[in-house]
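Read from first to last, the chains carry the letters A, B, C and D; within each, the first residue is number 1.
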Amino acid sequence: MLPGNTDFILDPANVIFLGAFALVLVTALGTLAFAIVSARRAVARGQAASILWHEEFEELPASARSCRHALTGELPGRHCERAFDCKGCETHARLVADAKPLPSIDTGGFFVLADRLYHRGHAWLKQEEDGTVTLGLDDLATRLVGKSDTLDLPAVGERLAENGPAFRLKAGKARVRVVSPVSGEVVETGGLGRGFLLRVRPDGPLDTRALLSGREAAAFLSRELDRLQLAISGARGVPALADGGLPVDDLSKAIPEEDRDRVLGEMLLEA
Amino acid sequence: MKLELSRRDLFLAGGGAVAGIALSPVPWKLLDDLSIWTQQPPTPTPRPAGPLAFRFTSCALCPASCGLKARCFGAQPVGFAAVPGHPASDGGLCPLGLTAHHLAKHPLRANHPERVSGGKRERIDRAAATAALSAALAACGRDPKRTFAVVDGRPGRSLSRTYRALAAATGGLYVTPPAAGAALSLEALAKRFDGGALALGVDFSKARRVVSFGTPVLTDAGTPGLLARLRAESRRRPAAERIEVIQVEATRGRSAALADRYIPIAPGTEAAFALGLAHVLLDEKLADAAFLEARTTGLADFAALSARFAPALVEQKTGVGAGVVTALARDLAANRPALVLGGDPTAGPLSGETEAAIAALNLLLGAPFGALPVRSEAPRETDGDAKLAAATSLDALPDGSVGFLLLDATVAEGMVPWARLERALAADALVVSFSPFRAGLGEKATLLIPGPAPLEESIELEGPADAPFATLAFAPALLSPPKDLALPEEILREAAEAAGLSLPAPAAGARSAALLAARRGRLYDPAAASFVAVGDVASPDALGELFARGACWVDDATPEPKGRFALLKDGEAPRLLETALGAPTALPASLASLPRVAVSAAPPSLLLTKLTRETALFSAPAAAIPTAARA
Amino acid sequence: MHTSKHTTSLPAHRYTLVVDLDRCTGCGACGTACAVENNIPPAAEKATERTGTVWMRVHEAAAAGDGPSTFVPIPCQQCDNPPCVDVCPQRAIEYDPRTGIVAQIPVRCLGCRYCMVACPYHTRSFNWWTPEWPEGMKATLNPDVSIRTRGVVEKCNFCVQRLQAARAKASAAGQAEIDPADYVPACVEACPSRALSFGDAADEKGEVARLAKDPESFRLLAGLGTGPKVLYRSSDPAVRERLSRTGVTRG
Amino acid sequence: MDDTLIGRGLKRTPLPRFLLWLVPWAALLALGLYAVYLCFAVGLNQTNMDNRFAFGLWIYLDLTVIALGAGAFFTGFLLYILKKKELKAVINSAVVIGFICYSGAVGILMVDVGQPLRAWFTFWHPNVHSMLAEVTFCLTLYLSVLAIEYAPLVLKNRRLKEVPGLLVLENQLHKVMVVFAGIGTLLSFFHQGSLGGLYGVLRGNPFAFREHIGIWPTTFFLFILSAAAVGPSFILLTTWLVGKVSKKRLVSPEVFQTLAKISGWLLLVYVVLKGIDSLVWINSTSPKTGVQVSSFYAHPPFGTWVLFAEVVLLGLVPAVMLLSRRVRARTGLLVLAAAMACAGVVLNRYIMTIQTLALPSLPFDSFLSYSPSWQEIAAFLAVLGYGVLLYSISFRWLNLFPEERELATKG
């Protein structure tokens, strides 16, 4: 094939044909190698969670990608394009600076606790006095999941990445992961009965600009209930309540078993 | 500074080394070598058994006795070429001869004496075989109802002399199959001559019209390829010198397909057709009047007979149009010399009446002594005072009375049908064959004492009986027979001695001596491609040396004898009339598959499956080569 | 006609086979001698006319009605513009620019059979079966020719091993050119009616060059422009006309 | 286990029923593999091919599936290079079908050659003038490209993507997919073409030989065009078929419209060029070799109807149908038109491979027939079985139709 082979003939036809083939081969292999190397590098740099989250975010339906300021009515209909990362968002920075008082908002029957910060993936974060944070599931998600069959919590010492999977849970046929609102190291695992699920020591100073609190969180949960209703009624044959509402106390029972996985995935932002 | 080597560094170093080697020419070279190495043939090419040499001999497989130029490595022949200019074959050769060197190792080859009883083959030793022979010989001498008979396919050899002595000593029969000339209806013609014994050959080079009644003149009969070559050569000469072949046959065989004209005829009506031609020749005064006048008798009677066969009647009898008959007769008369042949060497001669009609036709055309020349015989040693039996034909074998039938290795089943032999056998007869093969007649024997295979023994070969000249070769052996092989001559002498029969001493060299003494003819030396007159050969040793180099003797032209041919023999007319006016017979079963297989005593080489299975040239492939041979 | 790199300069030697159709009786001697010379094995149990390994095949070309048949021996036509050489993906077919001989290299062949599809003369054989000889027959094989394996394509190469031997002999004798008598293919040597003649058509004084110019000579499928170096001859214009056509125009 | 592999929100038949569905196809595959074993162990004498019909069912199959599999490269070309975003709905399925077709063809090709272990000699001692060398080079490379294109689908499997590294790789591969789409297009261009060239260069066969443009015969270009034309139709056909079998809506109707329009236009161009090519062949190319084209069609069953069926009935007619808005509005007619377009190319490949060999060549040749042995048919069916198996598994566990979930939720 190349000079040096037995019977090789150096003529233009050979050079053109084999040159073209070599070029294509090198391009294909080079591109493949580039993809593999950059993937490895991204994993090594701990960008895996971020990439994963961004990819997942791209695939979310528009209704799940509402801007927090659309939830509050400040910028109606606006969709987030930054994968819910408000830290570098100019719009968010401007609106926070304007700091208009929020109108009164219906919590939709969910608890929104003042000491918690809420993530759009339905995890809450509580800053503890010792500098750690505790993580848990918000009220809507807790009711949605109902009684979880298994809670797959990371072991102590494992690292969580912001917007990466914090833990997984299984309920009936549904399997879903919950996104972590913070990067850090797991220092303690809790449980459903213990008020928190994970205690995490954050990497560096905590930046909570992307998280929701207070009335904003309440507005979020209220809008999430609408989304939930849409998700459930999308599946055929599920009776919605006459007033369009859902039995807030026992959300999990309102979801047919065969739809549970899809609905939980949609609500917990997993494609 | 402290040098620390981590595992990672080692991996990197290793990986770097692998990558470096991968980018070096080494793997490239290895792959290239692998490519070349895998291009070696998976089965090694056979090693030559010695240096390349060309040796000459003759093929003993069929009566054509073609010259062979053998390409040998050491003692091993690996292929043959024809020998142009060879007096017996002049470059003729056929697939059988081209594969003769395969036969010694043929899967049907037998190397040891075998007794067949109850369908089972049982290997016996040489002593037991000799004992069985001697017991049977002794029994034949005692019991007049258990005759000894020996069938010899190639008479005239020194082994034939032993056979004849044995037959004479036991009061038995020495049987020879009909000569090739008989199958061409030439013998029937020669027997009509009143000037003494006569043998006629065929000289196609002198003929311009060849009419063949079912004889495969262009394929299987005579020397391979001879007539086809002469005919093709004549086509590039003036029209008046061209040879044309007219095939008259019921089925369109290979020869008919090759003939210039093919005349399909109702089977068994050849006599009527021949008489029809005779009718036109005589009626239109087209016959060779001078020849008829000088050399024949009985013209008036024959004319009276043939007068009844007007073309219209012939058309009715044979299915050949009257116009075709008339035109052919005129064509033959206008293009003399013309000759007529009949019968198929592989299917046996035609009926006597048909042969009579064909003979008359040849006489009307003046064929004898021209296109059908007188043919001498090769000089033979005289019988001297030895008691030797004369040759008899198969017809002489009485039914149910042969107690000991001895079949020579040269007897082809196609020439000597087993059914005829079986009829002659007495109950519990011993059938001994010297064939080296468990095939053909060798398969029918109750005691097989295999002799040398083709090319394993030097053999005296007379040329085909239809050739214009007599030829003789002492075809040298190319292969050596298996070490412990019993030679028929030895084993017969041992058995005869044990049975108390005395045989004359073997006449070694007697035939060469006779040849030298006759001082006739020339010797063709194939290596030099030149002739030496017999008169110029100094000594018997020089002659033997010539023959050992594959030389072939060829006779001079024989003068025309005095005498006349009978157009009709006494009392022949009514039988001829009856046959010619008879109804057509059934189509004969087609025997031919591979050419010449029927006239060869040896089974064909397995390689000839290429012709029978892998080409559409030859029919009935299964019959040609026994499938058992594949095992 | 279609041109190719091969026709631009003809080789110094142009070994050519001339077949005189007037002489051929279809006896099969040529094919038999070829099989013996080139170590072609006996037919496999189930081999047929279409699956056998036959380098020299004799076809019967029947005339209309009861007219005489013509037997046509067809080895590889050794084209000067071969349709097969360029189709082989891995150069297992070589056109020798010195002799014009188209040689198949079975050891490099992967058995794709594209060359068989490309050849309009159907002169190639694929080894559908493993070549096998009975034990005793192996001793009779020709040591000058290697044995092929199953699954490769093979064909006539004008007994090129004999050319090599002739060259070796000439060079041992210090001669530049071979003695023509030393290079004769096996089929030519075997033909009993001398229907085959062989020689160098580039030798203007030679018999083959004369025959090539003879009006009785023609090539099979000449319209395709393949330039065969196997010539056919017949004294019969009807035969020449019949065999000069392509089969597809029949009927 | 099975549940956790099925994509979120996708309804799939229960596992036992799915396994039952696989059984007959697996049986076909097993039978075919046995036939392949026979061909390797005993030899190609197991087929009914012979020295005269040296190419048979398998080469026909190769040419056909590679033409039909062209949807993979062409959809990729339209999506990634020409940015036809709506084709994102079928690209995954197209890649899987392409991979099945090409891997099946390469697999069969390896059985078809007598000495598969020497196949690499084509790379080591290539004859660059050979169309088959071009095919081999491009085909192997393109199959690798298809495998690379297939990889992200697998990596996005619900279970596999839980491994962060794999999903990141998928993400990176997705980013460079445009390069592979480009390479795939280039390679497909050449191997589809050189498959056509295989026959167009046969100087010894006036039926197959065509005029050359540069170094390539016209069949080179016609094969590219016909494959590109029929690729989208085949995607349409298979998508519709999968929808019918799985009783699901997989893509939005607009996707079918786009596919049909593209297929229709290309088919129209192809038919026009094929017509011109045929006229040149009839009036010049073939007569130059001394053969009138009419004699090619004088050997039943190959009459002139073959040419008519190929160019008009299964060429022009489906092209017009695919371009007609009224036909496209009715799914039944649309699918029929797509099927006719596919059948046209299938017939074209049949004529190229089979009629070329069946026609007599030497003056005393007769028309040849050939019928494949059971081993050949079994190996052929094994490709079908393998294809259905791989597609079924991919359909169950990979997300072949990105729109499916949304369409299912819409109800």
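One rule holds in what follows: a residue touches a chain if its C-beta (ideal position, glycine included) is under 8 Å from a C-beta of that chain, and two chains touch if they have at least 3 such contacts.
Model, not experiment: these values are computed from the prediction.
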#### Entry: Which of B-C and B-D has more C-beta contact pairs
B-C
### Query
Hey, which chain is the most central one here, using CA centres?
C
### Task
Could you grab the centroid distance between chain B and chain D? Build each centroid from C-alpha atoms only and quote it in angstrom.
62
### Query
Distance-wise, how many Å sit between the C-alpha centres of chain B and chain C, to the nearest whole number?
30
### Task
Let me have the rounded angstrom distance from the C-alpha centre of chain A over to the C-alpha centre of chain D, please.
40
### Query
Whole-Å distance, chain A centre to chain B centre, using C-alpha means?
98
### Message
Residues touching two or more other chains, restricted to chain B: which are they?
### Response
32, 35
### Message
I need the residues of chain A touching at least two other chains; which ones are they?
### Response
5-7
### Task
Would you pick out the residues of chain C that each touch at least 2 other chains?
48, 51-52, 60, 62, 91, 108, 149
### Message
Per the touch rule above, enumerate the chain pairs that touch, sorted by label.
### Response
A-B, A-D, B-C, B-D, C-D
### Message
Show me the residue ranges of chain A that touch chain D in the complex, using the header's touch definition.
### Response
1, 5-7, 13-14, 16-18, 21, 24-25, 27-28, 31-32, 34-36, 38-40, 42-43, 47-49, 51-52, 55, 61, 164, 173, 175, 177, 231, 234-236, 258, 261-262, 265-266, 270-271
## Note on the structure
Within their complex, chain D touches chain B through residues 117-118, 120-121, 124-125
#### Entry: chain C - residues contacting chain D, complex
1-2, 44, 46, 48, 50-52, 59-62, 72, 74, 81, 83, 86-92, 108-114, 116-122, 124-130, 149-153, 220-221, 223-226, 242-251
## Note on the structure
chain A contacts chain B in the complex at 2, 4-6
#### Entry: Touching residues (chain side chain D, partner chain A) in the complex
3-4, 8-9, 11, 123-126, 128-129, 134, 137, 141, 144-145, 148, 161-162, 164-165, 167-169, 171-173, 175-176, 179-180, 183, 186-187, 405-406, 409-411
